[in-house]
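Labels for the chains are A, B and C, by order of writing; each one numbers its residues from 1.
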Amino acid sequence: MPSPGKIVGAVVTAPLQYMGQLVDPLLRRWQSWTGLNGMAAFFLAPNMLIFGVFVLIPMGMNIVYSMTSGNALFLKDREFVGGTHYKTLLDCQNYFDPQSCHQDLFWIAAGNTFQFVICQVALMIVVCMITALILNSEIRARSFWRAVFFFPVLLSPVVVGLIWKWILQRDGVLNAVLLDMGLEPINWLIERGWAFFAAITVSVWAHMGFYALILLAGLQAIPKDLYEAAEMDGTRHMRVFWRITLPLLMPNLLVVLVLSLIRAVQIFDEAFVLTGGGPGTATMFLTQYIYEVGFASILKNPGLAAAASILMGGVLIVLTLLQLGLTGRKDRAR
Amino acid sequence: MGQITLKDIRKSFGPVDVLKGIDLEIEQGEFLVFVGPSGCGKSTLLRMIAGLDKPTSGTVEINDVDVTQVSAADRGLAMVFQSYALYPHMTVRQNLAFGLQNTKMPKAEIDRRIADASTMLEIDGLLSRRPGQLSGGQRQRVAIGRAIVRDPTAFLLDEPLSNLDAELRVSMRAELSALHDRIKTTMIYVTHDQVEAMTMADRIVVLRGGHIEQVATPLDLFNKPANLFVAGFIGAPAMNLFSGSLENGQFLCDGRVLGTALRLQDGPGTLGIRPQHLILADGGALSGKIALVESLGIETVLHVDLSEGGNLIAVLPGQAAVKAGDQVAFDIPRDKRHLFDGQGQRVPV
Amino acid sequence: MSGLTALLSQTRGRDGWDWTDYFTFFWLGAGLLVMFGPAIWLVLSSLKTPAGLSEFPPTFLPYKAETIQVDGYDKPLPLYRVTTEEGVRDLAELRRVGTVAQMIDPEQPDERLRVNIADRTPIRKVGFAWENFIDPLFNSNFPTYLKNSVFVTVMATLITLLTNSMAAFALSKYQFTGRNTVMILILATLMVPLSVILVPLFSIISSVGLFDTLWGVILPTVATPTGVFMLRQYMLTIPDELLEAARMDHASEWQIYWRIVLPLTAPALAVLAIFSVVWRWNDFLWPLVVLSREEVYTLQVGLNAYAGELNVQWHFLLAMTVVTMVPVVLVFVFLQKFITTGIAGAGLK
């Protein structure tokens, strides 16, 4: 009597094997015709075709788009204007005052994104570090607790946004709790400062499990005998953390830092659903600006959106190179 | 039929020449062993024969048909890999059947062949297991079985025993020899272990640096090494070699006369004597102090620092009553010495 | 302070409870509440009636008004606890006019009473408003969104697995000129997020006629560099000897990929499949841009549209959010270990 697992396995694999057999004669002919290189080309083709059409070509086209104007979608209908869009975007009397800029919304979004990135990444690192240290200590049911903190990572940003919108609204459960504790209710999503704070906390909530996991993997990779050796030497706890744990965790910490930076710069989904960029423009971030200017607003301006996206892409490339540089240095040090 | 002819096989990987012109005739039904130090090109040569690599130049002929451009699958050979390369996700039966199914063989014939091979190799109880559930020796048998069911023109075996422990290796060696005696198919066997080569081969091919150094039967190789390399490579411990010069029929080394009455041309040369052939004798040509004694029970190995400089290894039968620090002297029996000329080639004594 | 330092160096004091133990328990307890709490609150809320939802402060569990079937009336009538001069009675409401309600005693259905609504409270019991889930299934576009999301997720994941594994096979098991260029090209795009190429990608999708179609959502996402990279790293660990053995076994290159390499890559494929399902199910920005007709909305876009309506029907919205969450929660519950080890191991670098 075969086990149920085996039956399921056979049910899944039998048609797959049959499908493989079906195309085999055709591909054998192709192989005898073109040799191993032809087969390599055959295996690469589908992925590279999709990749080329939907990633590589758009990357090149984006630059062209950023130099054309009008609200026509196709390039042939668009007028070449050179660097005008960049000039418009960067046209500012005072770069610290968005109101003085030609595209004040862009600078507000940029400023918001900058503040968001700084606060969110700082909070993220601290929270993840504490969580990872606790998960790495001698606790029972570690995999359960790891799962607890990881859970929100899988939720869709829309679901995350809606859950928190429901909790944070004026008549929401959080305000009920505050009232119960004798505190004043807060208009979480309507007051500028609180809305910004909510965007930060919610995105930390949603993603911290992922980064805590990376840090935890790093902590678990530190050989236990190092701690035992330190204990034999009578090293003080604080010193053990600064001199053993932290340096050995540095590669993972760098990965977390840069990945969370890159992700924070692109913040869109959950904030968009949670606050819609509001109140006013308090939580309007760069990706939303690109989306609004390019697609959502009445006066669509794809050229301007493309130019803004290239500026943002520039920042991301700098951050990525930073990561490559840092990890490269780490590899050399080894 | 299983006759393979290699004609001037050369292979380079970029600027590195791995094989520098190999000519070889492999007879139908013989057990041929490629042996040599690592990096000598023996595995590469086997892969050329298999068709897994194409030679840079030269031809491979099987039964007088040029197969140089024929793919591995169509040469009718079977290979046993060092790591066995059993498909881990298939049962033993599926492993054996895979190659046969690919040639569209009727199912009844496949079943018959698997039954025959598995009985012969005593793996019939393992057919529904996966490779992961087998011991090293069992995997080895399955790997050989996978080759046997193909009924190939020749078997190619790439260091098949190197992953087994010492005891198992000895018994598998005997089994492989027995298998060859039984099926009488050409076998080409690659190893770096000279004991394997000596015990199993009909003929041994000694390779070094992409060249064939010597092709001979095991005993010829031991008794008449064609050059200094083969002399040093075959036999354990290695042959003692003394470089010196021939003058008026005498071999001189560091002022000692190690051989006389040699009918040879004058010039530089090397004299070799196997450790087992040295005879303990007071006043012998080679004298020195024992540095180390290794008593193996059945024999005694002496490491000797020679008085005139240099050192020597001697193997005495039984349990010799010597100890480190003793002064000893050895005689070189006339019929056991090997002589090599200035180019390192053997010269008949 | 010693507590904190002990925590930081993770060699917590084993004698008795100290500060770090309390902090650990606080952190884990708060974590449990903060991480699971919102989702549980969402589920509880989604089972409340609109009246229950508009209550402030909200009740923890969903309640429903108790009703009673009274002879002579078609519909069940809501029950209230009424305080009158004679004492407390349970009455059923017929209708309400202003602040006065017409009520009857279920025991004596003929007698009609007029009650001020201030004198009565509804009798409630814990009850789930399943209609929040059932109604949208029949009276809204929700089933269409669900169907679209399932289609996008399944198709995108299948194509991702096939194309990525084929590319990874070529990049890990073949030597060809330009291999490194292709690899670098793929890796370089890891740093180009969708939001940066939104505009041209949209124009390409439009010009090939995929605007407002589900294939327009699927195709740009399937050539994931992460997937290719992850699978390639895994395939590099499959020994080449296995492929060579298959070649000797008459297997074509396609068979080697389909019958040998793919089954052996199953663990990595499973991780990629899980990731891909979660990614595609959760995708928002790109579908938001490509899809403009309600018939092709995916769940995420549909939910966002509902939430953006002037008069948000929270009871439906919350129920649909729960449904959207279900597959991901299932993945989480059953495959959590797979994912976490996948991220900690190969998935990341």
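We take it that contacts are C-beta pairs under 8 Å (C-beta built on N, C-alpha and C of every residue); 3 or more make two chains touch, one makes a residue touch a chain.
No experiment lies behind these values; they were computed from the predicted model shown.
Enquirer: Answer with line, ring, star, complete or other to describe the graph linking chains that touch.
Expert: Topology of the interface graph: linear, an open chain of contacts.
Enquirer: Out of A-C and B-C, which chain pair has the most contact pairs?
Expert: Contact tally favours A-C.
Enquirer: Any idea which chain sits dead centre by C-alpha averages?
Expert: Centre-most chain by C-alpha means: A.
Enquirer: Rounded to a whole Å, what is the gap between the Cα centroids of subunit A and subunit B?
Expert: Result: the chain centres lie 59 Å from each other.
Enquirer: How many Å are there between the centre of subunit A and the centre of subunit C, using C-alpha atoms for each centre?
Expert: Whole-Å distance between the two chain centres: 18.
Enquirer: Need the CA-centroid distance for the pair subunit B / subunit C, whole Å please.
Expert: Their C-alpha centroids are separated by 64 Å.
Enquirer: Could you check subunit A for residues that touch two or more other chains and list them?
Expert: Subunit A, residues with two or more chain partners: not present.
Enquirer: Two or more other chains in contact with one residue: find those residues in subunit C.
Expert: In subunit C, the residues touching two or more other chains are 252, 255, 259, 263.
Enquirer: Touching at least two other chains at once: which residues of subunit B meet that condition?
Expert: Not one residue of subunit B touches more than one other chain, so the list is empty.
Enquirer: For the complex, give me every residue of subunit B touching subunit C.
Expert: 50, 52, 71-74, 77-79, 81-83, 85-89, 98-99, 102-103, 146, 150
Enquirer: In the complex formed with subunit C, which residues of subunit A make contact?
Expert: 13, 16-17, 20, 23-24, 27-28, 31, 36-37, 39-41, 43-44, 46-48, 50-51, 53-59, 61-62, 64-65, 73-75, 130-131, 133-134, 136-139, 143, 145-152, 154-159, 161-167, 171-173, 176, 179-180, 205, 209-210, 213-214, 216-217, 219, 227, 231, 236-238, 240-241, 244-245, 255, 262, 266, 268-269, 273, 276, 287, 290-291, 294-295, 302, 305-306, 309-310, 312-313, 316-317, 320
Enquirer: Touching subunit A in the complex: which residues of subunit C?
Expert: Spelled out, the residues of subunit C in touch with subunit A are 2, 5-12, 24, 27-28, 31-32, 34-36, 38-39, 41-42, 45, 54, 56-58, 162-164, 166-167, 169-171, 174, 176, 182, 185-186, 189-193, 195-204, 206-207, 219-220, 222-223, 228, 252-255, 257-259, 263, 278, 281-282, 284-285, 288-289, 300, 303-304, 307-308, 314, 317-318, 321, 324-325, 328-329, 331-332, 336-337, 339-340, 343-345, 348-349.
Enquirer: Which residues of subunit C touch subunit B in their complex?
Expert: Touching subunit B from subunit C are residues 239, 241-242, 244-252, 255, 259-260, 263-264, 266.
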